[in-house]
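All chains are identified by letter, namely A, B, C and D, in their written order; residue positions are counted from 1 within each chain.
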Amino acid sequence: MNPESRKFHHPMMRIRRFEEKCAELYGEMKIRGFLHLYVGQEAIATGVMSVLTPEDGIITAYRDHGHALARGIPMREIMAEMFGKSEGCSGGRGGSMHLFHRASRFYGGSAIVGGGIPIAVGLALSDLLCKRKRVTACFFGEGAAAEGVFHESMNLAALWKVPVLFLCENNRYAMGTAIERELSRVDLTEKARTYGIPALRVDGMDVRAVAAETSRAVEQVRAGEGPFFLEFATYRFRAHSMYDPELYRNKEEVSEWKKRDPLLLEEQRLRDEFGFTDHDRMELEREVDREILESVRFAEAGTLEPVSALLSNVYKRGGAGWRTEG
Amino acid sequence: MANGRVRMTYREALRAGVREVLLREPLAFLMGEDVGRYGGSYAVTRDLLAEFGPERIRDTPLSEAAFTGAGIGAAIGGMRPIVEIMTVNFSLLALDQIVNHAATLLHMSGGQCNVPLVIRISTGAGRQLGAQHSHSFEGWFAHIPGLRIVAPATVEDARGMILSAVRDPDPVLIFEHMMLLGAEDEIPAAIQASDLDSARIRREGQDVSLITYGGSLFKALEAARVLASRGISAEVVDLRSLRPLDDRTVFGSVRKTGRAVIVDEGWRSGGISAEISARIGEHLFRNLRAPVGRVCTKEVPIPYPKHLEDEALPSVAEVVAVAEEQVRLHV
Amino acid sequence: MNPESRKFHHPMMRIRRFEEKCAELYGEMKIRGFLHLYVGQEAIATGVMSVLTPEDGIITAYRDHGHALARGIPMREIMAEMFGKSEGCSGGRGGSMHLFHRASRFYGGSAIVGGGIPIAVGLALSDLLCKRKRVTACFFGEGAAAEGVFHESMNLAALWKVPVLFLCENNRYAMGTAIERELSRVDLTEKARTYGIPALRVDGMDVRAVAAETSRAVEQVRAGEGPFFLEFATYRFRAHSMYDPELYRNKEEVSEWKKRDPLLLEEQRLRDEFGFTDHDRMELEREVDREILESVRFAEAGTLEPVSALLSNVYKRGGAGWRTEG
Amino acid sequence: MANGRVRMTYREALRAGVREVLLREPLAFLMGEDVGRYGGSYAVTRDLLAEFGPERIRDTPLSEAAFTGAGIGAAIGGMRPIVEIMTVNFSLLALDQIVNHAATLLHMSGGQCNVPLVIRISTGAGRQLGAQHSHSFEGWFAHIPGLRIVAPATVEDARGMILSAVRDPDPVLIFEHMMLLGAEDEIPAAIQASDLDSARIRREGQDVSLITYGGSLFKALEAARVLASRGISAEVVDLRSLRPLDDRTVFGSVRKTGRAVIVDEGWRSGGISAEISARIGEHLFRNLRAPVGRVCTKEVPIPYPKHLEDEALPSVAEVVAVAEEQVRLHV
């Protein structure tokens, strides 16, 4: 296969087609709960993860399949998680919104908007205190900027100069609320700068721009210069979740943005600059589909935790934490 | 609409209640995340924006503390705000405003500043939404003096409670159970307020009282049917209000049956089930024929997989088993 | 008495000497709980209140004696409140931190840092919705700017253009935490501007500057142009509360700031420009002290609410809210 | 320091405990508002900044949610953070982090992410601090699976509990009662960890069990002395831990005495007192000679004036009266 397509195109396609499969499986009721697709935003997780090291930490929100895949959590473990199986990356307890993988330093998966941000600051603080040269990457949507804890965390991170990289995926909507109705001023980088955090706006549809700017930012953070803030301009092509009738935006806007589909952009670049062919594309698709198929098989074949284990994972120190349950 | 009655879902009833409030009360308005353009996270407020406009159906930013606080301020300023908190877990972000402010202002001001605020909160588990979207905190909130806590279980209450709530001079929290949204019933076409204080006997019985509310009412009713088929006559009490608790109705039922099983989707330890059990123990010590039973959610954050979620939540089978044991072992 | 001294000097002196008396009474254990003195900051409440109308609303925090007095709540009701007497402006239930006076539209008195800010936004929203030309004045310390709810409230106020006047009394410390350790960047007006709220820094020791700038700001707010933010540079001359050993600042800093005592500044101006004399000063003091003495007498003579009334004021709709207390 | 024992106050013991943790555990650090330069709002952490420096004694901004969340993150990152929340009311600002995150992460991650976080919280009323500074939420927090809740009542526990807490793999909330800070006792000079699970019999007795914890322990002990003078032998149980509850010790005591009175500074309805009462009712139905009694804080935000605050809080006289009634009426 075209080696250059391995870098960004393949990982993005993995995310895209994995999620399309998920939507299908949701229709079949194999996957339940809330399911938030990342379609349209793949360049961001892909570009960012491409420049992080295994020692770096990740915090994200509920729209987390893309981050999990790009980080290298095995696809089958992610799929098994969505199926609620023990083999899932969170043992089946978390589901789509709560993907975890300690070995990849992937700490979820919070379904409380903004809830992961201070946790990322704390993770980074632990690195600072232990003098480890790690970076914590903290993903969130632009909607999170309306939450107080976003601001508290910016201030704390800047004050203490912790090595955290704030990654705001500005897809212009928080559920049905357009950014103009969410924030009195919509420039996210300006908000970061008010805390003395250097900030940059990046085209979130261009995976190479994402990687390049993130790389520079990571370097600075790793060098001990404190937090950095990146705002990625992007768009979600699909509904907020599987229940969203999309009353709040019109089709033209969506199709306008789809012209800048990050996969198309990257594929065009591969064709223009790296001799990517239709054959490469076919090969790529086949590989990705095989992996997805295998992941579904793995998930289907997975085991359901016995109900007798229900009370586990409440306390690490054994038991349900109560001597008697009455 | 036969004989002045209409058939509608709990969701439609909630919407009809909010709509009626907005029609009757010019000072009322609704605010919350995605109540307007999105149509409400659970489609409860769909179409209200078109009817009442953006002044009265206010989409808020993701700022639970601020818009709840703004609700308090607007209430003090003479309005009748209805704040919607999309899911009960998010209410924790507004808890300082609710507990430290809404619940205390009347008291700290020596009676000057009452807070006629209504907060609608979606509660409960059952849709595999996992550990951050499935709590049942209504019983927990019921610990706080200064708040009134209600939980409509029926379609009629879903429509009628908000009419009383909006006229109440104190903060009223209405907990709407997610799993009831699709439940249907035939109710009077004429919209009437439902009181916020009294419990109701939803089914009469002689042998055991099943005391419950909200999303668990239908489990209790189903359990009562099963019990009937086994020769046990269960009475079902729908608490409706968790603060205040209607002790008179509860005690009256238990005095009659001599046995009580509380069914509560909240966690067992320190839940409202404990309070009800304690009160029954205190007041009906000599009347009780069996120890009070509790069927609650297991003490675990709600897991995602269906079989574990089901196992975590109170089930009809458990209610039946506990009630049966009470009757068989304690005659 | 010199008529010009009525304007600002007299109200400031009322606050100063009232609080000095309070400190004394605290020593005598007539006043209990937390007691936060406003000494040094009198120009702010005095200047601001001088330009508000009785229809405007007030929200403040726990350091609230100055605001209450300047707003015109009868001194004796404030003193009685500190004594916990029924005749107090909060019926004795609130104490020093929770002064309320509905007739003056004075809505307290929150002891949760930042807690009053969204409530002020809501009060202002009610005016907006009812098309009343009122302003809500919302006082808080610079420490509150670290709380998330401050930001949420700024955003909401700016987004909805509610008629609220944010009044930040920047006395450089939040308990023992200097502003530089509280905020990664210490310019409060910059924070407000990030929300699109016009903001100005004002000398908080100069009562006439306070009044003049507030007046302009109020005009703008009242004209429907949305929120306005004023940061007042000031200093608290005394300890945070009665329990504070003041380990965190040195005496030089305190005495440096005391040179800019707002009462001294205003008195000097009265002497320089308005023929204020030592005799005027004596007369003023006498009047103020008389009022204070009377307030103490009133408070002493006040009644304690009967303990049987304990459960009142929990619900307006009668009773303790629970049918049986078991 | 006679016979290897030292006299110190509860405040000094708290400080000694934190200090010992910092000496023994290099990964531990303390953060909170004014814990450093100010010396701690209640002077608990005085002098620690000088000894351990600003890296390990971290003054935080007024951002309860963020620094509590940062504690969670640091715990996941391998540290042993101790977060101080100055007053229990302010914990409501961090409740999303505590309840939606600290308590759920282990579960949601299928056992991968435990959160070894210690949160110290000052609790309780009694100093006329009014309705926003006087809550007792420890029993309320005890409703939440995933959290461990302890309340040191003695000087020894004030020093020793934090040593166990910091070694615990799960989030532990330590509630330190404001009114105990000045209490003195003689304790072993050698610093030892106190366990976090078991209740203790602080006074043995035969006729009635007074079950309590934290700031109310001394009221219960005083009540026991008064009762003794009236010929009633009261046993006093100090719960120490509110989650988990040590049912064995509680049941053992009540099985012996046949009577129980719970003394709790939390509000009565839906408080931990209800849970204890419910459990006793469930498990000792046939052993109980009298309905379980509860002496709790009256259901009102704490009023400022001394006489009303006193009236609101549990009193020795009330405990004596309830216990006496139990013994006299239910022989």
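As a working rule, a contact is a pair of C-beta atoms (placed from the backbone, for glycine too) under 8 Å apart; a residue touches a chain by one contact, two chains touch by 3 or more.
Remember, it's a predicted structure, so these values are computed and weren't measured experimentally.
Set against one another, B-C and A-B show the most C-beta pairs in contact at B-C.
Taking the mean Cα position of each chain as its centre, A sits at the greatest distance from chain D.
Measuring from the averaged C-alpha position of chain A to that of chain D gives a distance of 40 Å.
Distance between chain centres (mean CA atoms), chain A to chain B: 35 Å. One finds 31 Å separating the Cα centroids of chain B and chain D. Across the assembly, chain A contributes 92-94, 98, 110, 112, 115, 146-149, 152, 155, 159, 181, 183, 313-314, 320-322, 326 as residues in contact with two or more other chains. Among the residues of chain B, those in touch with two or more other chains are 61, 63, 65-66, 89-90, 93, 96, 100, 107-108, 130-132, 145-146, 243, 245, 269, 278, 282-283, 294, 299-301, 303. Against chain B, in their complex, chain A makes its touches with residues 32-34, 84-85, 92-95, 97-98, 110-115, 143-144, 146-149, 174-177, 181-183, 244-245, 247-248, 304-305, 307, 310-311, 313-314, 320-322, 325-326.
Residues 57, 59, 88-94, 98, 100-102, 107-110, 112, 115, 117-127, 129-130, 136, 148-149, 152-153, 155-156, 159-160, 312-317, 320-324, 326 of chain A are the ones touching chain D in the complex.
The touching residues of chain A, when paired with chain C in their complex, are 146-152, 154-155, 158-159, 181, 183-185, 190-191, 194-197. On chain B, the positions that touch chain A within their shared complex are 33-34, 36-39, 41, 43, 59, 61-66, 89-90, 93, 127-133, 268-269, 294, 298-301, 303-308, 311-312. Residue ranges of chain D in contact with chain A, taken from their complex: 29, 55, 58, 60-61, 63, 65-79, 81, 96-97, 100-101, 105-114, 145-146, 148, 168-170, 197, 243-248, 278-279, 282-283.
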